[in-house]
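Below is a structure I'd like to ask you about.
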Amino acid sequence: MTLLVALLGSTFFLSNAMKAEYSKKIKYTPDIVVTDTKAMRETSINREVVSNILAINGVSGALPRVYGSYYFTNADRIFTIVGVDEFETYADKNLNELLKSKSFEANSMLVSKELKELLKKSYYKDYFNFIRADGSLKKVTISDSFESEDTFHSKYMIVMSEQLAREIFSYTAYEATDIAVSVANRDEIGFIANKITTQLPNANVQLKEDLIVEYESLYNFKSGFFLTIFIISFFTYFIIIYDKMSGLSSEEKREVGVLKAIGWRVSDILNAKLYEGLLISLSAYILGIVLAFIYVYVLNAPLLKGIFLKNTELLQDYSLVFSVDYETLSLLFFLSVPLYIAATIIPSWRVATLEADEVMR
Amino acid sequence: MIEFRDVEKHYDNNVIALDKINFTLKEGEVVVLKGVSGSGKSSILSLIAGLSKPTSGEVIVDKKHISKLADHFACTYRRENIGFVFQKYNLIPTLSVKDNILLPLVPVNLKRSELESRLSEQLTLFNIEEKKDTLVKNLSGGEQQRVAIARANINAPKIILADEPTANLDEKLSLEFIEMIKKMKSQKRTIVIATHDPLFFNLDFVDRVLNIENGKLL
Amino acid sequence: MLLNPEILTLYILNILFVLFSSIAFIMSLKIVRKWDANATTKLQYSLEKQSYLTATIIKYIFYIKLPLFLFFIFTLDKISFVLPGAMCGAGVVNASEYATPLLFLKIINLYLFAYWITLDKEDMQDESQPYLKQKFQLFLLFYFLFVVEIILETLMFLNIDITSVVDCCGAIFSTNDDTYLSLVLSMPHSLLLTLFYGNFILMYIVSKLTQAKLFSFLNLTFIFIALISLVAFFGTYIYELPSHHCPFCLLQQDYSYVGYLLYGVLFVGTFEGLVIGFIPFKEDELQKRERVSLVFSFVYVLVVTAYPLSYFIKNGVWL
């Protein structure tokens, strides 16, 4: 039972930690992100709508962004390319710092340290050749590398000038990946989002808040998935316990007979057995939690993390945020202790109500 | 003190263990139930202890109709009034001497000090002080017997019942047992011993000898 | 449909409870019909054994129900973040038509189960087992109430619509609409406080006179008055906001979870007081329970009074 609790505990701790991380990160996403769709599929957006958006009352800023992913065949990896304009301030604090500290020469890019290592392995030390949409190559110098923070974004990250990013993605001068909109008054976000939709009926307007909720439900779902596994395994366990306790050994029968003969009532025997069950399940619970703790926070949850983060390449070596709350603890409690005791009720009762007669013979 | 009125006891397979038994025992008496195995003496003890109920008739102890008590209350009665020494002792081998002796008092929730004092009283009375932490399975036959008696005595019962207590003992230990019975008699207990050991038939402190044969009192 | 680990847990435990309480129900039925204390038949012996199981099951359910109720409230709170407009459990309650009756039923069931356990304990003290048939008959009734509670709970969680907007407690408990609630909330404070403290003092006096039924009745009224005064008056001092009347927000961390203390103490105090009117206890048992009831109720009164007082001391004015 300890293992089960530990397993479930780790799941919850992990998802909680990730949620905490995520909510930290989420501060750096813009209030509203506007993307365009064509035939309900995501496509690039026209930069010029920025002026229309800025015209809406309450919008404090609208920034077209160019970024995307690039698939590197040789290493079977996907890179994230973020195009930046040196003079802009971005919602992402880390990005801003990067802009301040490094400079961008023409035709060069900054790569994350991990990416630099990866490219080296593919014999790209000082530059890299991107393959464009039309098949032509674009050679870009690797000017510097940076520390990638503990982010959910790919650790294979490239920062380059927006212009350059455009070239690589084969964007025209008018295209942008999306538009990051900041709103001065939080309460107006929904209202403004509606206005944008009216302006651009095809656009997909995503609010930061919705993202949070969506992510929450995603994690709830995933935890739910684990929960189902847990239930099934517990059910099996239930049956095993029940079976074990129902198999009354002659030793046990004798003991109960003796107890009854010296004056123990059925309720006394029952209580003793139930206390025993309580103690066992409680200690298993505590032990399980401690184990889960160690697994997640000390060992960094090796296997489980992979299941939670969809692509294995996104595995980070970051230490998880310490986030333990009463809810999770009580959740685990209610899932383990009452169930264990329930499994022992009927068997304990059977034992306690044995006849004491045999003892006499 | 103990009264049997027209008590009959039948078992499942139509075995008649007791057939219209009638007797009365006075408080403080030491009574020997004499009879061979299967004569019904164990059933009588079981009925006095409230461990089983008569098929018909009544068992009255200290003015209480214990044959009519629900199991729950029969156990309480037994705990408060009866000390039983079994033929096979029925100690719990994996527990220590002191744990075995204290066992009957566990559900009673006495204060720790009370438990301690009672325990030491019994340990001294029956001479097993030094072995109090030893596991019962590591004791000799004689020592186990003493533990069994101490356990029976610890709740200061009014009635002590012993079922073939000397069946597995040599003469020396049997005599020791008789001494312990004397000690308990001096504590004013009513003592009923079921046995076919002739050692008991001519003791001076035995008040009565009842003969049981085929479930009938002779 | 809303599904998260907490709700799932509640479902699992509910299924467990239904299973076990149904076993208890079947046994209770048999006992009520066939129990004969004087019989020495096999049937009677097996009924006796079953009575132990039933009692154990009921105790088990109760002792888990208590913390589970808190967990339930916790869950409501957690869901509130997903429902647009809700900022605490009150919003969730508003989102479902089943929620309010469910809440009432849950509380009533807590009292009922606690009553059963007390009755059982008393019954087992006496060799004649005076309450035996009664307690199992009662359970037959309680079982139905319990099952209804679980059905309501399941329905509630199944039907919460996360897309519709709900009111938060500010709107539900406002004094402006013309609902019964707002009528109650706009009662003059002097009247409210008189009733509240008056009730408590009466309880104290009556306990000295050892009038069990009257004491019990006063505890019943105390439940209502305490809750109303909490929501209408004392709560506002805990929140330090004259318009904040929500009974749920008390349970949140921001207010040091004081809600749990208050409700817990109130439950114990009023239960001990109530039960006296229903079971004829022996004299010393009666005294003991009366004392316990008074002590707990007193703690409640104390804690709840502390808030407005400390506010006044800090700020020199009332809200």
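The chains carry the letters A, B and C, assigned in the order they are written, with residues numbered from 1 in each.
Just so it is clear, contacts are C-beta pairs under 8 Å (C-beta built on N, C-alpha and C of every residue); 3 or more make two chains touch, one makes a residue touch a chain.
Bear in mind that the values here come from a model prediction, so they are computed numbers and not experimental data.
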Between A-C and B-C, more C-beta pairs in contact link A-C
Find the chain most remote from chain C, comparing centres computed as mean CA coordinates.
B
Chain nearest the global centroid, as defined over all protein CA atoms shown
C
Counting in whole Å, what is the centre-to-centre distance of chain A and chain B, each centre being its mean C-alpha position?
68
Using CA atom averages as chain centres, what separation in Å is found between chain A and chain C?
38
Compute the distance, rounded to whole Å, between the mean C-alpha positions of chain B and chain C.
50
Two or more partner chains touched - positions in chain C:
124
Provide the list of chain A residues touching at least two other chains, using ranges where the numbers run on.
266-267
Give the residues of chain B touching no fewer than two other chains, as numbers and ranges.
71-72
What residues of chain C sit close enough to touch chain B in their complex?
37-38, 40, 45, 48, 124, 127, 129
Okay, in this complex, where on chain A does chain B touch?
254-255, 257-268, 271-272, 356-357, 359-361
Can you name the residues of chain C that touch chain A in the complex?
3-6, 8-9, 12-13, 16, 20, 49, 52-53, 56-57, 60, 64, 67-68, 71, 74, 78, 81-82, 124
Residue set of chain B touching chain C in the complex reads 53, 55, 68-73
Please output the residues of chain A touching chain C within their complex, sorted ascending.
12, 213, 216-217, 220-221, 223-224, 227, 231, 266-267, 270, 274, 327, 330-331, 334-335, 338-339, 341-342, 345-346, 349, 352-353
